[in-house]
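Here the structure is laid out as structure tokens; the discussion comes afterwards.
Chain naming follows the written order as A, B and C, and within any one chain the residues start at number 1.
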Amino acid sequence: MIEQSLPALAKALATKEISSVELTQLYLDRIARHNPQLNAFITVDPARSLAQAHAADARLARGEGGPLTGIPIAHKDIFCTQGWLTTCASKMLSNFISPYDAAVITRFKAAGAVLLGKTNMDEFAMGSSNETSFFGPVKNPWNLTCVPGGSSGGSAAAVAARLAPAATGTDTGGSIRQPAALCNLTGMKPTYGVVSRYGMIAFASSLDQAGPLGRSAADCAVLLNSMAGFDERDSTSLDRPGEDYSREINAVTDGQPLAGLKIGLPAEFFGDGCSPEVMQLVEQAIAGYRKLGAETVAIRLPSMGLSVAAYYVIAPAEASSNLARFDGVRYGHRAPDYQDLNEMYSRSRAQGFGAEVKRRILIGTYVLSHGYYDAYYLQAQRIRRLIASDFAEAFRQCDVIIGPTSPSTAFKLGEKAADPVQMYLSDIYTIAVNLAGLPAISLPCGFAGGLPAGLQLIGNYFSEARLLNVAHRYQQANAWHLQSPAEL
Amino acid sequence: MKQWEVVIGIETHAQLSTQAKIFSGSSTAFGASPNVQANAVDIALPGVLPVLNRGAVECAIRFGLAVEAQIAPRSVFARKNYFYPDLPKGYQISQYELPVVVGGKLSIQIGEVEKVVRLTRAHLEEDAGKSLHEELGHQFVGKSGIDLNRAGTPLLEIVTEPDLRSAAEAVAYARVLHALVRWIGICDGNMQEGSFRCDANVSVRPVGQTHLGTRREIKNLNSFRFMQQAIDYEVQWQIATLEDGGRIEQATVLFDPDSGATRAMRSKEDAHDYRYFPDPDLLPLVIDAQWVDRMRAQMPELPAAKRDRLITDYGLSAYDAKVLTTSLELAGYYEAAVAAAGKSNAKACANWVTVDLAARLNREAREISDSCVSAEQLGGLVARIGDGTISNNIAKRVFDAMWNGEGSSADEIIARDGLQQITDSSALEALIDEVLSANATMVGEFRAGKEKAFNALVGKAMKATRGQANPQQVNELLRKKLG
Amino acid sequence: MSLTPEQVRRVAHLARIEISDPEVHSTLGHMNEIFGLIEAMQAVDTTGVEPMAHAQDVAQRLRADRVTETGQLDEQRAAFQAIAPETEAGLYLVPKVIE
């Protein structure tokens, strides 16, 4: 059962092969058994989850089930969930019981999905290894001495270890794709504005986007069908006609399903900076795509190399402002001792935030401050425009851009924790996508040294259905994504 | 001794008369119990997001049209970052580099001279909550209580160029602006409740110096009287400081009405780096020409235009025209009264509105909007004076009767109480004959040369007519009969 | 470029994060390394490039001026304040604000 796809689970539930309560209990048992080693979940609440499963069973019995009704889903602890602890993996919110639901949670509830638990993450989604969590690091199920990636590391580890059939994540600079790559999963960052940000605790508002983490592109399409949609409460949510992200996947094709597809290979993705083992697997995958009928074209993304620099101005700038609301007045951590208002603020924040979060707040405060704004913030925004223009130009020549998701496979716990710059560079291939607001997906493309590597596909705005299909056709022809880690 | 020139610029925060807050669906109503009108967005729960209220934008467009400013086709919301307990997000959403209203001007009257005050800009922003201190009582010594009901109330911040040269000019500007925002219906102007608050940037410089002196900003002036006092004090203080060889440091100051002095605020000392940047949660506000045209079509006639029209169309004095255009309600009342009374009675209507009605409203502390006599009723009354049906004195009685609800129209009261003027001279002559025969002694005294006796006879005659005769006519008839 | 300890302290104060002297120095080191990465931007001539603040080039959507927050507002306040560090009589309490 734990290897079943989401459509297969939906069928098993619909045909009463298994009940939602049984399925939920199965995963709760696995979490109880394996989470102490993995630390993938911050909060599980079996009673609540099972109550939702009962309700889902009743709904299924009435014949009102949908593709996700009764299926347990794990949610990143960045989504506000009414009545549940919602911590963002921070001491600051370690006591925060959310009084409301995020849009994503509401949509999954409406679909009848069961909330299986809240997953660990980098604190406030700031990190690429899940080591900045106040609740401790998450371990990679493929190798417990390695990181699962981040910031959606708990979601990735949970799905990879079969502690959840699927999960949600958020991606500000690669936080869905990079852990997907490091844990042998499929993860998608949709076009900015496709999934509502309402109730998703903001890190960098102009870059943050929620998306699915699953075992296959087909599962991700099912999840995205539930997550995506206009929300009038989010000014950046795009009011577009609804679409079925599975439609291309479900279309019948012949032996060359991707005939005519033009895949762009940017020189900037194939130079230095990527480990040879990962690069070899990426090249193999490209060869696989040619077999499926795709042709490749060489393209350039000349400003790509500046994406990390621009990102580490824009994201901290927005974060420094977004995190100002955590002041110990209305919710969250308040320092026990203080003499006056300023001390209350500065101690509560010094105690409530971890080192990486503080570092980014300070950088963000600095680049916005008087005398530095033009040289840093505005310059970064101009470079952001150049990067977006690069992609616009590239998509005149190709349909999809391919490259590695991460320059390496999972690194060791602690290996980069003390070196922020090395950590930041692990996102060199993912960040530009967020700056441009494009959709991208990471899918498994093989193993090096027993650790999975990820292939990244980047599409033009609103090309989610196509990207999912391009990933799906590869997964039809290859079985990397079906590999699971040894049982712990 | 040096001659000093005073330079003042005013920033006004006008709370906009919308139903809901600028970025959330909470009510803006004043006076609710603390924090019940503060929803998830207003208290800045993690994850919440702002969505802009169309009504607030329309208020800004109306203002821009009223002051002949440019309505920016594209404006941008920015975050102004600072920590303060009444600012739940740790930043205020405001407009910085690209405001919605650019430029504009407003005319003020200084004695006989008209002066044009240039506006720099007007921008939309959200109000903060309130910090309560002493109100909390003794059990909370050392603490402040935060009420976020006001947080997120839409504000239009209206900024002038440093064009004002005295406290009197500043107050004149503030009054004209206050009347205008109420006139165009974008702000209730309630200064006690904080709906209209001014900050004054004050500096002085030696006459002839071209560059501006260092300014100090007096915050939160919530009455015209305090504005006058605060600026007067501040100007004297700055001049005295400079003449004593001191220097003015840029500062934010508060006016204390009890001491009549200004003092520097402690809390804002380090708050000069607001780290403005475009709010990533809000997209650029786009206002197309069609929208502006639709708003223009809905604009009321503005005070200056109406004033001119009252003078030329109705022949009113400049003074009456000015008084009648102090508010849209008053001007509307007046024009409705004229519509009922007829244009020939326009001047009489002006007198009734500015004198009799104003006095009565004032005595009962009522607003024109809840006058007990409607404009139609008053117009009907003035019409009856104009056509000679009743005298001015009788009219006052009819007005009282209408005010007290003793009749729905002047005509009804006049007919019911038989108050119409006696214009039939034969009936009047008969009455006068009766008076003369009943007061033979007085007639004798008059004939003996006592002019006072004539006045007494007029009084007797008027009394006999219950005041309904035309005094002029009574006078003439008496003279004739006694002559 | 290279930051000074004073700049780190000033930024920490602006951000209301208490920072000890040893922390100033370790933070300074990290920030300088990160700015080393960021400095790559400065070599690029971006004259005439329009800054990009949003991923999508769309205009702000507007909501109707209508109160949508209705219902049990007292209960909502109670729910919000149940998670607050210190409240009294419906107010959030903080150390005295000095104006």
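To be clear about the criterion, a residue touches a chain if its C-beta (ideal position, glycine included) is under 8 Å from a C-beta of that chain, and two chains touch if they have at least 3 such contacts.
Values in this document were obtained by computation on a predicted structure and should not be read as measured data.
Hey, which chain is the most central one here, using CA centres?
So the chain sitting closest to the middle is C.
Comparing B-C against A-B, which pair counts more contacting C-beta pairs?
Between the two chain pairs, B-C has more contacting C-beta pairs.
Calculate how many whole Å lie between the centre of chain A and the centre of chain C, each centre taken as the average of the chain's C-alpha atoms.
The mean C-alpha positions of chain A and chain C differ by 23 Å.
Report, in whole Å, the distance between the mean C-alpha point of chain A and the mean C-alpha point of chain B.
Comparing mean C-alpha positions, chain B is 57 Å from chain A.
With chain centres defined as C-alpha means, what is the inter-centre distance between chain B and chain C in Å?
40
If you look at chain B, which of its residues touch at least two other chains?
40, 43, 45, 51-52, 83, 85, 146, 273, 275, 280, 282-283 - these are the residues of chain B that touch more than one other chain.
Residue numbers in chain C touching 2 or more other chains?
Counting only residues that touch two or more other chains, chain C contributes 13-14, 16, 53-54, 56, 58, 60-61, 63, 80, 92, 94-98.
For chain A, write out the residues touching at least two other chains, lowest number first.
If we look for residues of chain A contacting two or more partner chains, we find 96, 99, 206, 232, 235-236, 320, 324, 327, 329-331, 341, 345, 365, 369.
Taking the touch rule as given, give the residues of chain B at its contact with chain C in the complex, in rising order.
Chain B residues touching chain C: 18-20, 24-27, 33-40, 43, 45, 51-57, 76-77, 83-86, 131-133, 136, 140, 142-148, 254, 265-267, 270, 273, 275, 278, 280, 282-286.
In their shared complex, at which residues does chain C touch chain A?
Interface residues on chain C, with respect to chain A: 3, 7-8, 11-19, 27, 30-31, 33-42, 44, 46, 49-56, 58, 60-61, 63, 79-80, 82-86, 92, 94-98.
Inside the complex, what are the residues of chain A that reach chain B?
Chain A residues touching chain B: 79-80, 86, 88, 93, 96, 98-100, 102, 197-202, 204-206, 232-236, 317-318, 320-321, 323-327, 329-331, 341, 345, 365, 368-370, 373, 377.
Applying the document's contact rule, which stretches of chain B touch chain A when the two form their complex?
40, 43-52, 79, 81, 83, 85, 88-91, 146, 272-273, 275-277, 280-283
Applying the document's contact rule, which stretches of chain C touch chain B when the two form their complex?
13-14, 16, 53-54, 56, 58-69, 73-74, 76-77, 80-81, 88-99
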